[in-house]
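Attaching a single structure in structure tokens format; questions to follow.
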Amino acid sequence: MQNFTKGLLKENPILVLVLGTCPTLGVTTSAFNGLGMGLATTFVLIMSNLVISLVKDFIPDKVRIPSFIVIIASFVTVVELVMQGFLPALFEQLGLFIPLIVVNCIVLGRAEAFASKNTPLSSAIDGLGMGLGFALALTVLGAIREFLGSGAIFSIKLIPGDLMLVFILAPGAFIALGYLMAITKRLNNK
Amino acid sequence: MNDILLFTVLTLGLLGTVLAVILYFVAQKFKVIEDPKIDLVEDVLPKANCGGCGFPGCRSFAEVSVKSADEKRNLEGLNCPVGGNDVMKQVADILGLEVEEQEPLIAVIRCNGSHANAPSKVLYDGPASCSFAHNLFAGEGGCQFGCLGLGDCVVSCDFDAIHMNPETGLPEVNDKCIACGACVKACPRAIIELRHKGKKDRRIFVSCVNKEKGGPAKKNCSVACIGCSKCQQVCPFDAIIMANNLAYIDFEKCKLCRKCVEVCPTDAIHEINFPLRKAKAETDQTAEKKERAVKEVAATVSDAISPSVNESDTENKA
Amino acid sequence: MSIFTVSGSPHVHGEENVKKIMYTVVFAMVPAMLVSIYFFGIDAVRVLLISVISSLFFEWVIQKYLLKGPVTINDGSAIVAGILLGFNVPANIPAWMIIMGSLVMIGVAKMSFGGLGNNPFNPALVGRVFMLISFPVQMTSWPVAKPLFAPQLTDAITGPTALGLLKEGVDAGKTIEQIVSDPQMPQYLDRLLGNMSGSLGEISAVALLLGGIFMVYRKVIDWQLPVSIILTVFAVAGIFHLIDPQHYIEPSFHIFSGGLMLGAIFMATDMVTSPMNMRGKIVYGIGVGLLTIIIRLWGAYPEGISFAILIMNAFTPLINNAFKPKRFGIALKK
Amino acid sequence: MAGKRESNFFNMLSTLLVISLVSAVALGSVYNLTKGPIELAKQKKQEDAIRQVLPEFDRMVTFNVKSAHDDDSLQFNLAYKSDEVVGLAVKTFSKKGFGGLINLMTGFLPDGTINNISVLDHKETPGLGDKMQKSKSDWSDQFNGKHPEQFNLKVKKDGGDVDAITAATISSRAYVDALQRAYDTYQENKEGLKK
Amino acid sequence: MEYIIIIISAIFVNNIVLAQFLGICPFIGVSNKISTSLGMGGAVLFVITLATIVTWLVQMYVLKPLGIEFLQTIAFILIIAGLVQMVEIILKKVSPTLYSALGVFLPLITTNCAVLGLAILTIQKDYNLMEGVVFAIANSVGFSFALIIFAGIREQLDLMEVPAGMKGVPIALVTAGILALAFMGFTGLV
Amino acid sequence: MVVKVLENSIEVMILSQSACASCHAKGACTAADMEEKIVSIDKSQPHSYQVGNQVTVFMQQKMGTLAVLFGYIFPFVFMLITLIVLLANGFSEGVAGLSSLAGLLFYYVVLFLFRAKISNKFVFAIKDELPHDLSLE
Amino acid sequence: MNKLRTFTIGGVHPKENKLSEQSSITVLPLPKQLVIPLGQNLGAPPKPVVKKGDEVKTGQLLARAEAFISANIHSPASGKIAKIDEAMDASGYKRQAIIIDVTGDEWVEGIETSTSLNKEISLSKQEIISRIKECGLVGLGGATFPTHVKMMIPEGKIAEYLIINGVECEPYLTSDHRLMLEKGDEMLVGIQIMMKALGTEKAIIGIENNKPDAIAHLKKLAVNYNGISIQPLKVKYPQGGEKQLIKAVVNREVPSGKLPIEVGCVVSNVGTAFAVYEAVQKNKPLIERVVTVTGTSLSKPSNFLVRVGTPVSDLIAAAGGLPEDTGKLINGGPMMGKAVSSPDIPIVKGSSGILLIKKVESKRSTPQSCIRCSKCTVVCPMGLEPYLLAKLSKLSVYDKAEKERIMDCIECGSCQFTCPSSLPLLDFLRLGKQRVGHLIRTRK
């Protein structure tokens, strides 16, 4: 259970460990995009963690990382293909950042730090926890930016008209994430 | 089988092979295999990265420990003050070694020149830095050995274990202290000492570092050690050393019998966490009051941070 | 006997203090304030009040409740920043936008870094640029200046700024002659005195210069910095004008329109965010000038000084590293 | 971690090879499975756009026509209902957008009136230029039912009849530019289309 | 002219970190000191250019002709990982001292979105080889440029009294946000 | 940490953490596979270093810049020049690309030949840490 | 040579407040007890040669210099050694001192006590230096560097100029000013002696323009002395700093970390010149000096000729008594002087003035954070960046502080004086200098 919950706040991959910042900033123009990206990453995390912990004993140490990369990249490609086929609109929005899941440190990091040492089940749960933590952070950040930028959350208009466009643009992404991290830090320290 | 599948298999297979070849050579060249024990050791360390052990961080401590074990040097001189014995035992277990029990230590402030005991004779107006004030003048109370009360020690402590008492103007150590020694280094007047924590947290020490003769010492501070040697004479365990008009209690020898405390004419010897004793003779009442006040402060501090509370505190912080 | 004080030398202190410096700047801004009130009336007062009060309020709240440190709202820096933010917006901007701007200015650009003296970027400009990008519509519709006592001449409520007209015109492929002959284009004297559309504080070059001279006289700023900015803009604009007068307007136009004066005199000179010594300041000034004119001539924005100063703020630490004061006893490397 | 295989050349090579091959097979299969849906999704997007901008139709002919303005070609989709031409959907573009390329699908009625327009893709700034999308604002509705002969396809600032998107004149100009391109190409090829 | 537009766009207008959100991790992680940021900048420049050339060749002469573009992600990441490893061995073999002075940056780059991201972007934008190379170089220069400015600010911030809650990554992100805000001034230059 | 004291040089183990040390992710990040590096340092300063001493090893910044030049910038320039020259002379993109890679290899061969020279250029210096207790001076 | 010269980098102009300018030097009567600290010079303290109970005469040797950089100490009065014990020094620390119960003023044989002017320089170069050494002379400009060491020019160097420091740039202080007016001739002879000892042809006396009477007076007298000229200087603190003075007078810059002799100069204070005269011509050891006692609320700001060892409280009493509103007692001037904790400390060779500061002025304003106004960099006469150095030493970044040349700081205090944020810049600079100095020494 702890494997699962720690990813949400205490070891939240984005807000505490500061991993995978690029997609975090790049796709969170809206809560929906954030959620989509988060779930895609979660899928890759769970699957690669699972597979890696299954095959870990057959892999010689020296080719550990490349093997992991191949496995992860395969799942990323699967996600890419499936999304392209069935969720074309979202795929277009997330664009470059879907293939970039491959280099997201969380995925490789978890594979290396957790899956390569633990059982398939706990690895999958770890992947789920981390993934959901990632998704949560992305969704929250997306919601904040969407709300501050256009007065809506999940495209539901809460305030008529636009608010502060900056938050949908690049600067707002950095600033919002900065404060979100500061807040998390404070919560975690309590 | 269709073409796409074929090409896919071919391309990836080729890439995989090439990568494997490259990596093989990398592996040949980089034979430095990190000892997995390092990770294990690091895992049990507190990860405070405080440097209390004398190494830049927990990981380097782990590395050094492993290396030391490999060279059959038995973790000699290696100690993680934060984790204490428990952790060192775990480390030793991992490395298959014995570790000596070390009595836990705690920082002790050997000065009682509070505002009341050593009234200010001048006013200091400058940056809150003991090191600077130490170079500038003797101190507000006039004692050139005593605490300057500007808190360099407080700043140096990474564990929130030492705080200024605004009433006395002296620092106080609480149970969070892990004896890392940072404050000892920080104090320009060498007032702080690491001493045995003692049974039931009880400690007896001379709370003064003034090397002047009795008269001048007493002139600046009512609770100064005047070097009268009474305590030395009364100590049954030869634990008290007199030097430079100053008594020092060797904590290795002290058996906490409290005899010295009674005889000290200036109340320079402190006892901490002992139960209150019966009131002394009437004549000593004033002194007794003062003493009790000090003790009470100490008692409340350690009460407030009883071990159980303490544990959860540190956990939250981590 | 009285108790003496002990402290390190020196035991005397000069007359300068932060408060005095800040209020000197406030005083220097009075002429520009008066001009803006003259041309924009009660709206100018409204904008300035909201901006100053909300700046002070945010500074107070953050210092007291978030940082839990000493409250220093009377050191004057929040007032300066507040007035400057007000100077940088159109007179008809909605109140809530000013308040958001000053929240960003004080909260994000100043207090997050530790308050006065610690911020790498000019807070008022961060506030302004934030507003410009967040509220592009409101931040670019300028009320037409209406002298307080002058008869109502036009019905127009909003109109473009001189630089806006220029950019529009150039983008639409008009020649400079056509642009200048546009009836909306303010005349030369109007541009000097401030009788034109624009943000509160930028309209009157004369009033700004007056304030600048006062600050130079009181040694609050060095004249070299604003002058290096203005000269650079003049030189670059002049060169392009000489090469192609059909498409590049004469350089004095660039100097007396838009926020160049305001920026050069009051904002680039912010000591917190500008380099620490003279050579550095001049390099910084040239940088600001270059970036300003680049953005004005080829960028999407008609005015570039705000961005230029912010970008050069980012270079300030590097400039400080590169340009050290002349050390005593060390020959300068040839 | 018992039984971990040693890192010798053969082991390394074979492991990587096996992993690569397995994942290659897996990927190839997934690709084959998703190939269809991906194609479909692409087509659907285009078809949806066309349906949105034209009146009901039952048959469509698609071909490319050289643009009236430059060398690029535009895609014409001629729509028939019971063998009668009911409209023409032109896939047009402009490179003058704030963020570069803008692709539009414009629907013309046989008489040349604009029926409806939809934005295929663009890179304009969210909150500003993206108001050209129907989902963000109804700005583009101003063109519906207008005939370019009577409705000067230029923004008001440039002396035309089009209300620009507030604070996004550049995007508006580009939009109109794309529209003009579609219309001009349509007019140029009018004769050919009749056949 | 084409090249100049690519360069200005990549460095100023669409700066890779400040506007496109690629390579944020090293941008935040290796920007504490100006000297390290210089080293990182050099490494990135070299690796990105190299990677772009190789991936471009692979895309044009292998993946495209065979019709297996969907393997892009996995193929590129494998190539990049292999390349970086290879440079590492070569450097070590060729000059161990040089390697010990520089080696730290290389592994950092493998998991950096910027390299993979740029390789994919080069393909997406249909650049020919030379354009692709110019694009890659300009972007790495843009990266180093932002990195060095940022390191300067952070060196200064180290001396400042940043509130405890904002110290570290949060304030770095806010600073990056303001920097991005300032860079928006370059909008429209190309 | 000093690991060995030799006659005229000492060997110091540095953890190549400089870039990773500040990174939060180092626990999870494989890239940060830390290696110890033993560098040898000229013991020109007559100073007593003992095994186990904590010291800070530093390389002058000028040398750092030089290292970057040799390690990254020169090969980069070399590669680029080959590419441009070949493309400008009408070779196909494939040929040009491949030969620039070959050019890179050539650069490294050259570097290899000069490796002794280079090693001499990079000297690490050493300094120790300040004791905290400075009494009145 | 009438144009006013000055140094080029930095400098400030604090309010001058030369209250005691017009009060001529008066001789203070001997106190009942003298406290003579052993550490009165820069360098190692001398070793006592007397013991408790000994009877001593005025001018008798009390402690002998044993180290190279050290200076003899002589008895300022005749009396009995009460004890050799610790006594409080200016900073409140207890230091070894010789305490004498004064019985009278009986001089040792061989010291000439008459005030007649003796212009004849009969001693040789070597004799001069050893006489100076015997008499325990130290620089009276503040640093108390043993004068005989300064007179010994290192091998391979020549002293082209002897520069006499009559600048007295510290506000309030007037002791050098009065000395120049009242002992002009003696001083000039002293300068000639030093010139002889150094083998120098040219001596220049630098005097700030706020002492026009001294400039005029010395100009008149100097006509009679070969090679001595007067250079009037613009009023700017810290012109008295030797590096600044050399820059101002002969336009040479002493390289960083080097001594004045590097550019062929030796700098000495006017008081030192006078003491040299007395030592060489009259064989009189350094047992008295001129001290300014001043302060805005003091009733009689004055200049006294005082025996070393006299308690400061005696001086204050003679100047009208300690005013009620005194908040700070300073040994020296307001810019560089040391605040002392009690008036019960003795005057030493290096005490140039006693300054009383009112309570209201003695409290510093609360420091704010640095607003990077760069005023401190502008005024720093050494071209340093005090705001940066102070920050670095506050945060213990000593290697960077060293690179930024913290050791060049002359502790003039101009930066702290001018800082609008009232930052304790110099306090941190001192701390940093001490730490960096330690680092440098351990490295050697």
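Assorted remarks:
To keep things simple, chains are lettered A, B, C, D, E, F and G as they appear, and every chain counts its residues starting from 1.
Everything that follows uses one rule, which is that a residue touches a chain if its C-beta (ideal position, glycine included) is under 8 Å from a C-beta of that chain, and two chains touch if they have at least 3 such contacts.
In this text, all values refer to a predicted model and were calculated from it rather than measured experimentally.
Across the two interfaces under comparison, B-E and B-C, the one joined by more C-beta contacts turns out to be B-E.
Compared with chain D, the chain whose C-alpha mean position is the greatest distance off is G. For the pair chain A and chain D, the distance between mean C-alpha positions equals 30 Å.
Centre to centre, using the average C-alpha position, chain B and chain F are separated by 39 Å. Distance from the chain C centre to the chain E centre is 34 Å, each centre being the mean of its Cα atoms. Shown for chain A are the residues in touch with two or more other chains, namely 18-19, 62-63, 65-66, 70, 73-74, 77, 81, 105, 108, 165-166, 169, 171, 175, 178.
The residues of chain D that reach two or more other chains are 7, 12, 15-16, 19-20, 23, 27, 31, 98, 128, listed in rising order. Each of the following residues of chain E touches two or more other chains: 25, 29, 68, 70-71, 74, 78, 81-82, 93, 110-111, 161, 166, 169, 171, 174, 177-178, 181, 184, 188.
For chain B in complex with chain G, the residues that touch the partner chain are 121-122, 125-127, 129, 131-132, 135-139, 142, 144, 212, 216. Per the touch definition, chain E reaches chain G in the complex via residues 158-159, 161.
Those residues of chain E lying in contact with chain B across their complex are 62-63, 66-68, 71, 74-75, 78-79, 81-82, 85-86, 88-89, 92-93. Per the touch definition, chain E reaches chain F in the complex via residues 25, 29-30, 32, 35-36, 38-40, 42-43, 45-46, 49-50, 53-54, 56-57, 60-61, 90-91, 93-105, 107-108, 110-111, 128-130, 133, 137, 169. On the chain A side of its complex with chain E, the touching residues are 18-23, 25-26, 65-66, 69-70, 73-74, 76-77, 80-81, 96, 99-100, 102-105, 108, 166, 169-175, 177-179, 181-182, 185-186.
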